[in-house]
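Labels run A, B, C and D following the written order; every chain starts at residue 1.
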Amino acid sequence: MQNSSRLALYHYWVAFAVFLPAVVLGAWQMLIRSPLPAPLDDPDAYYASVTLHGTAMAYVVTTFFAMGFGYAVTATSLGRPVRGVAAAWICFVICLIGTLMAVAAVLAGHASVLYTFYPPLLASSWYYGGAFLLIGGSMIWVVLMIYNMTSWKRDNPGQPVPLAMFAITATAILWAWAASGVLVELVGILLPRSLGLTTEIDAGLARTLFSVTLHAIVYFWLMPAYIAFYTLLPQAAGGRLYSDTMGRLTFIMFIIFSVPVGMHHLFADPEHGAGMKFLQSFLTFFVALPTLLTVFSICASLEIAGRARGGRGLLGWIPALPWGEPMVLATGLSLVMLGLGGFGGLINMGYAMNSMIHNTSWVTAHFHMIFGGAVVIMYFAIAYEMWPRITGKPLQSKALARWQLWLWFAGMMIASIPWHITGLMGQPRRVAAFDYSDPFVARMGPLVIISVIGGAILLVSAILLIVILVRSQLGERRLEAPLRYALAVNPPKTVPAALNGFALWNAILLVLMVFAYGYPIGQFFILKSKVPAYEVSGPTNSAGGR
Amino acid sequence: MATDEFHHSAAARPEHVAAPIGSEEAVAALRNGPVGALVVASIAVALLFLGWLAFYFLLFIPRGSVG
Amino acid sequence: MARDQGAFRLHNPWPKIAWGMVALLVVVSTVLGFGVLSRYQQNGPTLDLWNAICRGLGLSADTAPAKEPVPALRTPTRIAWTSNTLDQIAAGDAQRGAFIAMNCIACHGQGGVSTSTLIPTLAGMDPAVIYKQLDDYRSGKRLWGVMGAIGKVVSAQDSADVAAYFAVQSHGLPPLRGYRLPESGRSLREPDPAKRLVYAGDPQRGIPPCSACHGPGGYKLGAPALQGQHADYIERQLAAFAQGIRQNDIFEQMRMIAKQLTPDEMHAVAAFYGARGGAPSAAGVAVR
Amino acid sequence: MAETETNPLRRPLPDGVVPEEEITRTEDHWLAIMLGVLGVMMGVMVVSAATNALHPPSNVETIDPATLHLGGEFAESNLGTAIEPDGSVTVRIIAEQYDFIPNCAQVPVDTPVKFRLTSPDVIHGFLLPATNVNTMVVPGFVAEVRTSFSRVGVYNMPCNEFCGNGHHGMWARVEVVSKERFPRLAATERTSCAKQ
């Protein structure tokens, strides 16, 4: 168990150590594109910074956090040490090397292509290589999660896999499906071109492959938060999980519906027909379903807790909840942001309606609300829940943790809501500088300034997070507090095989993927759409980079 | 799977820990079904739904037809 | 199996239900997407089922040539950045180029470092730029006195060779790179108009930052580095683009930008570039 | 948040007190309602898309990005606004690092407009704020958006997809003018409101 704990702790520390500088970059980016004076106001620095911010937040923080969380959940929910610890450490080192490579390439100015890559813009092969090591390396973790679950099932025949373990394995499987797109793009298109092995890039194909990743990756980020909702929150609130079965079903639905829907990120792209776009828009509606189910299940679980704590009447259970618990507070704040972000998502996926907001600040606002808000705030809560368990040192302190969560919530709301509005007004995203003397842009000025204030609050909150974690880490070891998961109202004694494993769901997803992506990817073998690449760091030698 | 232990959470002292729920409380809480949860979740979904319709017909459609 | 019912109550229901639902999703979305929605076209006739399916898949596109009369074709250059062209440029032989370049040094200076402020320095210039300009002189797309006649006597291979030679000469233009160290004052907040135009452009007039293509910290295929180039030469070229005297820029990009610039701005931008980069022949460089 | 300090050791819930069937039934009802809500939204979307012919811009058409300027539809002499024989207009625009060409396009109001754009280099984005005109411009493909404008006015036209270090300088305009003001000249010659 010691080794499993150390494994989790190292992953968490990498995640949060990357998190803080990435928040600093984010706050500065908001400043440079505002009407306010900004230090180092150089557009090149902005684009490099956006690349670094996105790479850090989307790939590094999330992957390391999910991996650490996975090891912790495996050890605690199965009640035995993680199997394959050596492989886990190798995975850790590979991912760390990949991170350093990618970060170095961006800092050197050779990779300002943003974390979504945007071929035919071409970055240095160090950047793609780093991304490949990080994402590809995390596949070792995927295998380890599946291995730990199946070996436990073998040792405990007929027993239901604990919901937490079932869910983290679902996360791993989802990540494997999600990462397949970007890994194929990296290995098949970007790395060969950046190494000079090929001369051209199929931008349409590359975008299509990336879209396989682009939506599902958000659910990969989201899953630890949902696992906390289902397995940690009811316990922290002092209640019971309303339905174990619904929890399993929710995670299964996430696997099935979060991958074959990525084309809603390509609604505005010219390389796909409207019919294929509608298919995936249709499927995207169903990815809202598990979240809508979760909202009810979580409310019901909280109601049980609130009523047990003396809450009376229709809504009296809400004030009766232990809001002083970071996990409970974070969930409340998270659900508010999830509601707003989910609302934005329902707009984005609405087929033609996507045209209203595509690539405007609305989109930035949407995924900051979902990921930067609803998900990350649960990462904080998980960290606060886990740190005392892993280190045996008490949290320093709970009051500070509450401040930190509230500040993060306030900062994200103040930053994101004005973005939604400027997006509707037509503000393009990822722009280094706006000309506020233009009347069209000037109207957005006050809103942009408000969101800068939100960014500053987020920065304060991120610093506070690190302060809390460091102080807790430096405290004295005096706790023996094993992690306990929430008990369902009716703890499962047996569950059908379909809800105790993933074979059926993987088969279904494969069919759906062929249906949704078979033609869109296959068409590029017929279309003549290869184009030259454009190296962002300039020609590697003379004559146009050749 | 046992609950016959004190509940632990991110707290330093036992008095900061939420009390665990017992069988009787759970039964009592669920006697009428999770009505409060249904109300809260329904209001949230209704707002989402009405907001979506408002955006569709008051913002998106007036901005003109494209295809 | 007392607790196996899950969301629906059927005996051993999961695979059956799951596959049934998937089939339903596939059928409904296909019918709606291809059978219904794809039939209706914005500003166009409603299609029959077969055409709707083709349209929905993206097999048939709106590619029919427009029926309106097409103005006489006007092209800025014969050069296109195809892989053939780039291969030809990359195959340039700098040693052979050195012999050809002996004909150039009378005007363009020893090693391509020009001493005349109206004649560009070629040392360090991207070979693709030299190659394209020589071809434009050859084809008459760029008209400039004696260069037209010279262009006619050098072959495409000669152009590639001489471009390769000048590209590797030092003491001229710095190499173009897509990155630079960040520095304050390179945004639209900058009061100095030259620095502002070079690093931030003027979005309201559709003027992108010069530096994004011409450096520092920018690169675009076919765009020359301007740091260290003679200010007088830059200013004269900007004026030529603005007046339509020079028209060999692909997609009239420089013509469009130069037309937006005032004479003062042209002078300031030219001086900004001329004053930087530290070409040894700093003669005639205006200080901003 | 006063705790009940008794905290007795608890036993799991006895079987059948709150039957799983009941929980499942509640969840099933919720699931059905949610499917209904999503179904209504989908219905709204499909019906309005069919009646108004609303689509995301999806004209799959390939083109060689390197030779656009040498001839054909996107040669510089053919960029700008053209009047079709049926009275509708076609606007051809090049999006390249870091400009739209022409950087000001003129179109008549209440007239079917077809924007056709392509890129000779990298990916760009074409957006007219306050309208639903919004498409990616991917090299190798011709992006097409069909619409008509109901309001006269000047629309800013920022590039909305990161295209390199000059991205922030890539702004242009579309001027929607009354039918009377729209020059008849466009029938034979391409027009734009870019400075000539």
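In this text, contacts are C-beta pairs under 8 Å (C-beta built on N, C-alpha and C of every residue); 3 or more make two chains touch, one makes a residue touch a chain.
Being a predicted model, the structure only gives us computed values, none of them experimental.
**Student:** By the contact definition above, name the pair with the higher C-beta contact count: A-B or B-C.
**Tutor:** It is A-B, judged by the count of C-beta pairs in contact.
**Student:** Please tell me the distance, in whole Å, between the geometric centres of subunit A and subunit B computed from their C-alpha atoms.
**Tutor:** Those two chain centres are 21 Å apart.
**Student:** In whole angstrom, how far does the Cα centroid of subunit B sit from the Cα centroid of subunit C?
**Tutor:** 53
**Student:** From the mean C-alpha coordinate of subunit A to that of subunit C, what's the distance rounded to whole Å?
**Tutor:** 35
**Student:** Need the CA-centroid distance for the pair subunit A / subunit D, whole Å please.
**Tutor:** Centres of subunit A and subunit D (C-alpha means) sit 26 Å apart.
**Student:** By residue number and range, which residues of subunit C touch two or more other chains?
**Tutor:** As it turns out, subunit C has residues touching two or more other chains at 2-3, 6-7, 32, 37, 40-43, 58-59, 81, 178, 200, 202-204, 209, 217, 221.
**Student:** Please set out, as single numbers or ranges, the residues of subunit A touching at least two other chains.
**Tutor:** 43-44, 112, 240, 242, 245-246, 271-274, 282, 286, 292, 296, 300, 309, 322, 324, 346, 350, 352-353, 355-356, 432-435, 438, 487, 489-491, 523, 532, 534, 536
**Student:** Touching at least two other chains at once: which residues of subunit D meet that condition?
**Tutor:** 4, 12-13, 18, 20, 24, 26-27, 30-31, 34, 37, 41, 45, 49, 53-55, 57-61, 66, 97, 121, 130, 132-134, 142, 144, 146-148, 158, 164-166, 168, 171
**Student:** Just say which it is for the chain contacts: an open line, a closed ring, a star, complete, or other.
**Tutor:** Its topology is that of a complete graph.
**Student:** Along subunit A, where are the residues that touch subunit B in the complex?
**Tutor:** Residues 162, 235-240, 242, 274, 292, 295-296, 299-300, 302-309, 314-318, 322, 324-328, 339, 342-343, 346-347, 350, 352-353, 355-356, 384-385, 387-389, 394-395, 397-398, 401, 424, 479, 481-484, 487, 489, 491.
**Student:** Which subunit A residues qualify as touching subunit D in the complex?
**Tutor:** Going through subunit A, the ones touching subunit D are 43-44, 47, 50, 112-114, 118, 120-121, 202-204, 207, 240, 242-243, 245-246, 266-274, 277, 281-282, 285-286, 288-289, 292-293, 296-297, 300, 309-310, 322-324, 346, 350-356, 358-360, 425-435, 438, 440-441, 487, 489-491, 523, 527-532, 534, 536.
**Student:** Which positions of subunit D touch subunit A when the two form their complex?
**Tutor:** Per the touch definition, subunit D meets subunit A at residues 1, 4, 12-13, 15, 18-20, 23-24, 26-27, 30-31, 34-35, 37-38, 41-42, 45, 49, 54-62, 64-66, 97, 121-123, 125, 127-130, 132-144, 156, 158-168, 171.
**Student:** Quick check: in the complex, which residue numbers of subunit B touch subunit C?
**Tutor:** 65-67
**Student:** Which stretch or stretches of subunit C touch subunit A in the complex?
**Tutor:** 1-4, 6-7, 12, 14-15, 18-19, 22, 25-26, 28-30, 32-34, 37-38, 52-53, 55-59, 81, 83, 86-87, 89-90, 92, 126-128, 164, 167-168, 175-180, 182-189, 199-200, 202-204, 209, 217, 219, 221
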